[in-house]
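The following blocks contain the structures, represented as structure tokens.
One chain, chain A, links the two complexes that follow: it is found with chain B in the first and with chain C in the second.
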Partner chain A sequence: MTTGYAPLLESLTRLRGIRGAMVVSAEDGLVVAESLMGGIKGPSLAAMAASLTSRASELAVKAGLGAPRFLHLQAADGSLLVAPASSDLVLVAVAARDVPLGLLRLEMLRMAERLV
Partner chain B sequence: MRAIEPWVLGPLRTFVAESSARIALLMTTSGQVVAQHGFTGALDLMAAAALGSGIVASGSELAMEMDWPPFRVVAHQGERQSHLLAWFDTPRGRWIALIVFGNETKLGLVQVFFDRMVDELVSAAPPEASQRREVLAADFERELNTSLRALFGR
Partner chain C sequence: MTEDIRALSAQFAADPSSLVFLRLGEALRHRGQAEAALKVALAGLSRYPHLPDAHDLYARVLADRQDYATAFDEWDTVLRLSPHHVGAHKGIGFLYYRAGEPEQALYHLRIAAELDPADAGLRTAVERVAGGREIWETPLPEAPPPPKVESTAPVGGAGDPFVGLEGAHERLLLVDQDGLRLGGGLVGPGGRDVSDVVAAVLASTTREAGRAARLLEMGEWNHLTVEGAEVGACLLNPTADTSLLATMGAGLPAGQLAYFAERAAKAARGWLERAR
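Up next is the complex of A and B:
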């Protein structure tokens, strides 16, 4: 894990039901820092999350909504949460099904503001 | 999309479709083209293969000078197009891939699908013929012409 982002990711992964968190470069989809449970493929997740974020941004802008502040992809066994930060980075979290999503969303938005 | 050996086409086709790569070139370390997608002229293709294998060779020498393990991937990010140059080992020896992609995809995605293509190529490679024939000038010319026809359909 990249030292500078370690405390931020650790505080996120300490939350109940969080299976992993990453800081990803939005432009190229590469991992900047990660704290993931076993079984989650960091490079694939980073690439897909960055791609999803850029497509969603395009969609939101074309719909006249402006840049998205938060993405929540709900799947059968959990959720993928993405908070784009202002500095070309995105904060990504993988959550199990039974997490307090409201609290997690607030926490991620707060953390995304601190990403530089 | 064209390939000297047909078993390369499946993994390459999947890679191009999934990664949205604009150009893909597979070659040996000596710059001999194995397969290509996206090239339209023979000269461009041969120049790209020669330059790509040269860059990998000089990168490997540089790493050796520095006592580092050889660079496996070189990525260059351009304003409208980027490229990824990487070597990988197959049952047919070490190959090099040159991938050109635009802003419609991302380096991370290209790398993820590239790693998958390498796995597929390694699995799909038929065992190499155990006995090698002596290479004659006439055979060389005939094989070169066959390769060019396979790559460009001429």
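Up next is the complex of A and C:
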């Protein structure tokens, strides 16, 4: 893990039901820093999160949604959450099923503001 | 009456693990000290993440800050933890009413009123939302009422899948797997029709969502919400070979947006079945 992001990611993964968190380069989908539970493949998660963010951003621009602040992919067994930062970085988290996402969303939005 | 904030703060400082944060947070809200109330609510929630009242306090603070999406999710969390929580039913009822869903609002407000019959203000709110209808003698349904408006589009490919739904031609878009527009429409900033330009990327975006869920072994994907600075969008697949986009102003509850999208998806499925 890149040392500078360690406290930020660890504060996310300390939250109940969070299986992992990462800082990802939006442009190339590479891992910048990660704090993941076993079983989660960091490079795959980073690539998928960046790719989904890119697609969603294109759609947001065309639909006039304004710059994406938060993405939430809800699936049967959990959620993928992405908070794009103002830089080229995105903050990514994977949550287990039935995790209250309100607090997590707020934390991620705050943390994304601090990503540089 | 607002409690003495100084005394409550002292109690909280002396014993941060006590439940006095609930009274302190509420007192700070009533005094309009939103930032301080938020700090207290978050401190309490981090210590008591499974306490319904902690989530309820946090939701009220969020509603004060007009962060209705998160407030909705927090009250939803309260009802999962405690289905008979008066405050959560009141809060969700308020948000539904604000979002223009009076029947859903009435359902939750009536539950709250029956759980707390001494709250005269709540009874008045129920009667106001009911709009003069006799409400108290009507049995309360076991579940929130279904969407009152369903598609009545004619059989065949003609017609509109979202006829009767609010925003049918401005906020709902249905496309096939090749990005061909099947129904609805989308109006962008300045009233510009962006339906076709969005249709071209909608199908590929939902395919990407499905691919991400599959590769990350998260099971079947349900929906993708994109929270934009101006507008929020919810994407889903009404059927395996169609994609739907629903939009709402940013600031409305995410749960409300997902609910709106689900209603539209149901209407789209009915329309597609009839067409096929």
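The working rule: the second predicted complex is superposed on the first by the 116 of 116 C-alpha atoms of A that agree within 3 Å, B and C clash if a C-alpha of one lies under 4 Å from a C-alpha of the other, contacts with A are read in each partner's own complex, and residues count from 1 in each chain.
As a working rule, a residue touches a chain if its C-beta (ideal position, glycine included) is under 8 Å from a C-beta of that chain, and two chains touch if they have at least 3 such contacts.
Worth saying up front: this structure is predicted, and the values here are computed from it rather than measured.
In the three-chain model built by superposing on chain A, chain B and chain C fit together without any clash. In the superposition on chain A, A:S51 makes contact with both chain B and chain C.
Residue by residue along chain A, chain B and chain C are tallied for touches, and C comes out ahead.
In the superposition on chain A, A:A33 contacts neither chain B nor chain C. Of the two partner chains, neither chain B nor chain C is touched by A:A112. One geometric descriptor of the composite model is the angle centred on chain A: between the Cα centres of chain B and chain C it reads 130 degrees, in steps of 10.
Applying the stated contact rule after C-alpha superposition, one finds that A:K62 touches chain C and leaves chain B untouched.
Once chain A of one complex is fitted onto chain A of the other, the partner contacts of A:R16 are limited to chain C, with no touch recorded for chain B. By the document's definition of touching, neither partner reaches A:L91: not chain B, not chain C.
Note on the superposed arrangement: chain B and chain C approach each other to a least C-alpha distance of 11 Å.
Under the contact criterion defined above, the residues of chain A that touch both chain B in one complex and chain C in the other are 44, 48, 51.
Residue ranges on chain C touching chain A, taken from their complex, read 42, 45, 49, 55, 58-59, 62, 67, 70-71, 73-74, 77, 80, 186, 188-189, 192, 194, 197-198, 200-202, 204-205, 208-209, 211-213, 215-233, 235, 245, 247, 250, 254, 258. Looking at the complex, you find that chain B touches chain A at residues 77, 105-109, 111-112.
Residues 24-25, 27-31, 43-44, 46-48, 50-51, 54 of chain A are the ones that touch chain B when the two sit in their complex.
By the touch rule above, chain A contacts chain C in their complex via residues 16, 40, 44-45, 48-49, 51-52, 55-56, 58-60, 62-80, 94, 98, 100-103, 105-106.
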